[in-house]
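Structure first, commentary second.
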Amino acid sequence: MNRPIRVGILGAAGYGAGELLRLLTQHPAAQVASLVSSSQPDAPVAAMHPHLRGFYDGLRTTAKLDLAALLDGAHAVVFSALPHAVSGAAIVAVLSEAKSRGAGERIRVIDLSGDLRLRDEAMHARHYPDSPPLPERRGASVYGLPELFREQVRAARCVANPGCLATAAILAAAPLVVGDAAAVEGAIVIDAKTGSSGSGRQLKETTHHPTRHADFRAYKPLAHQHEGEILQAWGDPRGDRLELSFVAQSMDVSRGIFATVHLSLRTPSSSDELRQRYAAFYDKCPFVRVVADTPTLQDVVGSNFCDVSVACRGRRVIAMAALDNLVKGMAGAAIQNMNLMCGLPETAGLWSPSLRPV
Amino acid sequence: MNRPIRVGILGAAGYGAGELLRLLTQHPAAQVASLVSSSQPDAPVAAMHPHLRGFYDGLRTTAKLDLAALLDGAHAVVFSALPHAVSGAAIVAVLSEAKSRGAGERIRVIDLSGDLRLRDEAMHARHYPDSPPLPERRGASVYGLPELFREQVRAARCVANPGCLATAAILAAAPLVVGDAAAVEGAIVIDAKTGSSGSGRQLKETTHHPTRHADFRAYKPLAHQHEGEILQAWGDPRGDRLELSFVAQSMDVSRGIFATVHLSLRTPSSSDELRQRYAAFYDKCPFVRVVADTPTLQDVVGSNFCDVSVACRGRRVIAMAALDNLVKGMAGAAIQNMNLMCGLPETAGLWSPSLRPV
Amino acid sequence: MNRPIRVGILGAAGYGAGELLRLLTQHPAAQVASLVSSSQPDAPVAAMHPHLRGFYDGLRTTAKLDLAALLDGAHAVVFSALPHAVSGAAIVAVLSEAKSRGAGERIRVIDLSGDLRLRDEAMHARHYPDSPPLPERRGASVYGLPELFREQVRAARCVANPGCLATAAILAAAPLVVGDAAAVEGAIVIDAKTGSSGSGRQLKETTHHPTRHADFRAYKPLAHQHEGEILQAWGDPRGDRLELSFVAQSMDVSRGIFATVHLSLRTPSSSDELRQRYAAFYDKCPFVRVVADTPTLQDVVGSNFCDVSVACRGRRVIAMAALDNLVKGMAGAAIQNMNLMCGLPETAGLWSPSLRPV
Amino acid sequence: MNRPIRVGILGAAGYGAGELLRLLTQHPAAQVASLVSSSQPDAPVAAMHPHLRGFYDGLRTTAKLDLAALLDGAHAVVFSALPHAVSGAAIVAVLSEAKSRGAGERIRVIDLSGDLRLRDEAMHARHYPDSPPLPERRGASVYGLPELFREQVRAARCVANPGCLATAAILAAAPLVVGDAAAVEGAIVIDAKTGSSGSGRQLKETTHHPTRHADFRAYKPLAHQHEGEILQAWGDPRGDRLELSFVAQSMDVSRGIFATVHLSLRTPSSSDELRQRYAAFYDKCPFVRVVADTPTLQDVVGSNFCDVSVACRGRRVIAMAALDNLVKGMAGAAIQNMNLMCGLPETAGLWSPSLRPV
């Protein structure tokens, strides 16, 4: 198969990379050419991701990106699935090396970490105190949420892939908040729930099975780092106008995010009217489905869909979004961005439904 | 064992009755004397509740309450675990029959349904359109939340046991809302999550295992019947002053409710200050524990505890409560009410910790 | 897209049909042309299977199969996902009608029920007492397990798709049992575990979420209907030579089967030796992966893989297999059979990895 | 409250100690007097076990056992919940120190680890190669399974508490195997399934939530260390007569063990006949319930019950047992042993049903 997009992945042993690899098995145009892992160098794919036995035979990790392998094609794309505070600098290094090889024009990079997401200096420092500032790179990156910034993504060299909780929250309420700041009154409540895979592959007390099973708990109430990018995506990058009440909460599921957004409109409306507004707003967005009832994890898990719905009584609104944190909240969104950056159909390799029942 | 409180249970085959029976195995003073089931008449306890094999040997359901068996003791208590729209009338019938036997003074009744909870006529009609109005009985019933109405419960003949979601929501924010209506500004958001056992023993599409497993979804946004009793418990029985944004949501757990309440104070505060206020407010409440971090289902499941916590940033507050819907949200609360109505220690038979890990 | 295989599905509202539809969204050559549901006639796909919103737009169920629509193409394939005792007769009717239209040669049928699986009269009567005998149709059907009967499937007009538990059990031990009946001594123990989706979409007490959550239990010990097809596939259709100890057990998962087979060899061996025998046996089987450690549900759920492994100490052997009951145990296997019957690559539309983590 | 049994616990931070503490809150006669943790010295109980907030106020861990506190009462009991390879030596040290204080007669010890379980030297060395041999202490210890060795437990100074998988396996088939070795023919298959809490509180890859959720897998097929004590309890301490095929398997539950034992009788029998034999065998065992259908985790989780059942067809038998690994498989069994060793009713503090639904 002649796949013209040659792909490299940094941080190959984690869940983000595993999901990129899973999804790319179905991609018509992308071929994984280089796989980098410092923790598991010289490892075959199946040693890190046993479900991929039988795929990617012959491919092994290296300790460093093989740029030559990438540049031997029509497109060269690098995904960084490295952790926060490490990823941004790795991206800078890749771009710099490519430039020194005279291939700066031909490479596209997509950062799955939070290092390059926030434009505002103070916001970045507040939410990512351990990340290097990298002001130029941050300034030149595009926030990779195609539903709001499709044209910018198409033109981008470097995309900062959105956070998973942020994606759900932003899409749940964007039709009410974006473009008409005066439409909403008072604080916007974002009550977000997440599965355990969002916490990554590293062992943690909060993702110890006996701790997590049959449990539900909150963490970081009023102090979560995704606040910054939600505000920015909604048009308030410094948090001057909008007030948020954000809480993240842990569910006993592995995949899935459900964001419930409560807000108050300045003028009364109805569920029907808002549903129409949502349908119009997301008209050109293949992966956002406006549903009449309520979104469910089962309708999105394993897929790149984000299902949204909205209920209204007078001025009060409850908007909801469901997505798979590893797909639309991470690797699927990254491939969606790659598609746009490389001039492919937005849905290439991603047009498949969720598992139901799961 | 000489147990002076003789107990009857209506609706013996459901989860509510099963949980009453489970908890009463540990009660030092109560003895189940009559068990009524129309769907499973003449059944031994273990046929309905197999985990109770070895307990209640010899006890069988009857089609009608055996009042004589109950009145043969120091106290006669009837729990109704019948469904909404049926339970209230059954309670009226029991009280009437007891009165006709000259035993009206000696009987106490506790209704686990929603039929008798709401004082306000319009609220009752709105939230329980299928329930008979029963205005006198509703007027004479006490809302059985000891943490707010302990003295009224002690004196009550007839207690309306609170709803499970309502209990969690009310207790999460009561220290901020009760007694000082002016302290809160704007709408109060109640984002509630519940396990499947709260939907009862009857088979339903939403509690079909393949539908519910690994899922999360919302239901009745801005339209849940527990709004009424929350407003009433917070001192606004007609909903004149407080505005709620309430949503119920389904988790893939069987037991457990987690309520997250978001609100805005008129004057800024801090987490520490509010935590102290909570500690003072619940000082005499053995089953409410104010925790520093966040409540968890694992710390309450199987027990009668409701754990609460509060976080504050400026004027924004997120308050949380966790409880077991079948214990503190239902059967445990009912026994707590029975203890108070019968002059026993509030904690009798209920002072045991949750299962952790569960 | 020109898809030359035109497909009809009977029993469109159930899980089997939902999974066929899910998988067929990814198939390069098949197109769903007719969808039949007696319980939900004239329904769009998303009304029955909400995760398929956005796929199959315009397709609606009918009360009867649209044979004309099917026969308008190079291949006509009918899947029956109807319940046991109904499906076999429906297949007969379809074949008969096609024949009367002179299209008997051009149609292929695949029955997902148990009605046509067993060759032996007595076995059929014992395990499917409610199914019609249909001796001619049963005799002319091929048991659709390509790993053992690939050439027969290629040539078949009518395939009886294997049971999900049976598939796992058969594949776990086939390399030890098939072709050398004398190799095994004593009874073969099959200890099988299954997820809830295998019980279907109809509400049942055993798949009530509060009943199933965090539970594990056995059912039909020494009395399960899949015994018959396991014996038949292993070469003992009347159960004359092999003795089984089979039990099915319910797990708190939705998808997934794990079969553990314990047996005794006549001559001692080792894990390594047997692993090599397995690798050779399954050499031409793309969907069976012999793994060194132990199979896991996470490595197969959502995919058409059946992972197997084997451990040996002296003469004792424990062989294991894991698969997704709705894919390799049902709809995926059916499509694999369709591919073979229509001369396509065996893996067409099915070559994708599982979700991990799930 | 005057509780005459003074208790010390070694290894206070783990799940075993947490469960001892949970259960002892309900014990009428035992009082925790000393709590030892090297990893968390000087910690209040709730810091290690947050669900115990409000219980054990004032009690803190120490780095070393406070023998004086224990010996200030009618009975002194030490539970060791330390890990394998550490626990046995700690027990020896405690006994030695007590003797040097002239209190050797007054102390009873119960070891929850595997260090002292196996009498046979070779078996011990094979299954616990890292444990010190401690031949005298091992020889003087009693295997604490009251259902088989009640009188020995009553008289014991030092009890080796059984393993959780072993308890389930032993009790499932004891009525068929114990006392009549000739009754069973061929290998005995033990197909055991366990929840994650049995793997302890330490973080492990196999108990990482995204790894364990919705999964099922096997481990240590034909190589599990509990084989030794099962053989010993069934009367074959050196493994001379009985042949086992044992596999342990991981479920996506936190608490619970389900053991399925398949075996062949020399002479045919029936389910009814065997059920009667079971009922007679366990007649004096309050915590073993012989059930007609199949055991379930929900009927035992949180309780000290072990439910067993048996099915028979000709000579083939499938016997099953379910229990809570932290209660009847660990801490509950330990308290049951304590009760016997101290002359209390066997059920003291343990007579409570499981949570259902859970």
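Residue numbering begins at 1 within each chain, and the chains themselves are lettered A, B, C and D in the order written.
One rule holds in what follows: a residue touches a chain if its C-beta (ideal position, glycine included) is under 8 Å from a C-beta of that chain, and two chains touch if they have at least 3 such contacts.
Source: prediction; values computed, not measured.
J.: Any idea whether C-D or A-D has more C-beta pairs in contact?
T.: C-D
J.: Farthest chain from chain D, going by the mean of C-alpha atoms per chain?
T.: It is A whose centre lies farthest from that of chain D.
J.: For A-B, find its twin among C-D, B-D or A-C: the pair where over half of the contact pairs carry the same residue numbers.
T.: When the contact pairs of A-B are compared with those in C-D, B-D or A-C, C-D matches.
J.: What's the distance between the Cα centroids of chain A and chain C, rounded to whole Å?
T.: 36
J.: How many angstrom lie between the CA centroids of chain A and chain D, rounded to a whole number?
T.: Going by mean C-alpha positions, chain A sits 47 Å from chain D.
J.: Distance from the CA centroid of chain C to that of chain D, rounded to the nearest Å?
T.: 41
J.: Pull out every residue in chain B that's touching 2 or more other chains.
T.: Residues 15, 196-197, 210-211, 213-214, 252-255, 296, 298, 301, 357-358 of chain B each touch two or more of the other chains.
J.: Within their complex, state which residues of chain D touch chain A.
T.: 15, 195-197, 199, 201, 203-205, 207-214, 252-254
J.: Give the list of chain C residues in touch with chain D in this complex.
T.: Those in contact with chain D are residues 186-187, 189, 191, 193, 210-211, 213-219, 221-223, 243, 245, 247, 249, 251-256, 258, 260, 262, 264, 294-298, 301, 311-313, 316, 318, 320, 322, 357-358.
J.: Where on chain A does chain C make contact in their complex?
T.: Of all residues in chain A, those touching chain C are 15, 18, 22, 25-26, 49-55, 196-197, 213-214, 254-255, 286, 289, 291, 296, 298-303, 305, 307, 326, 351-358.
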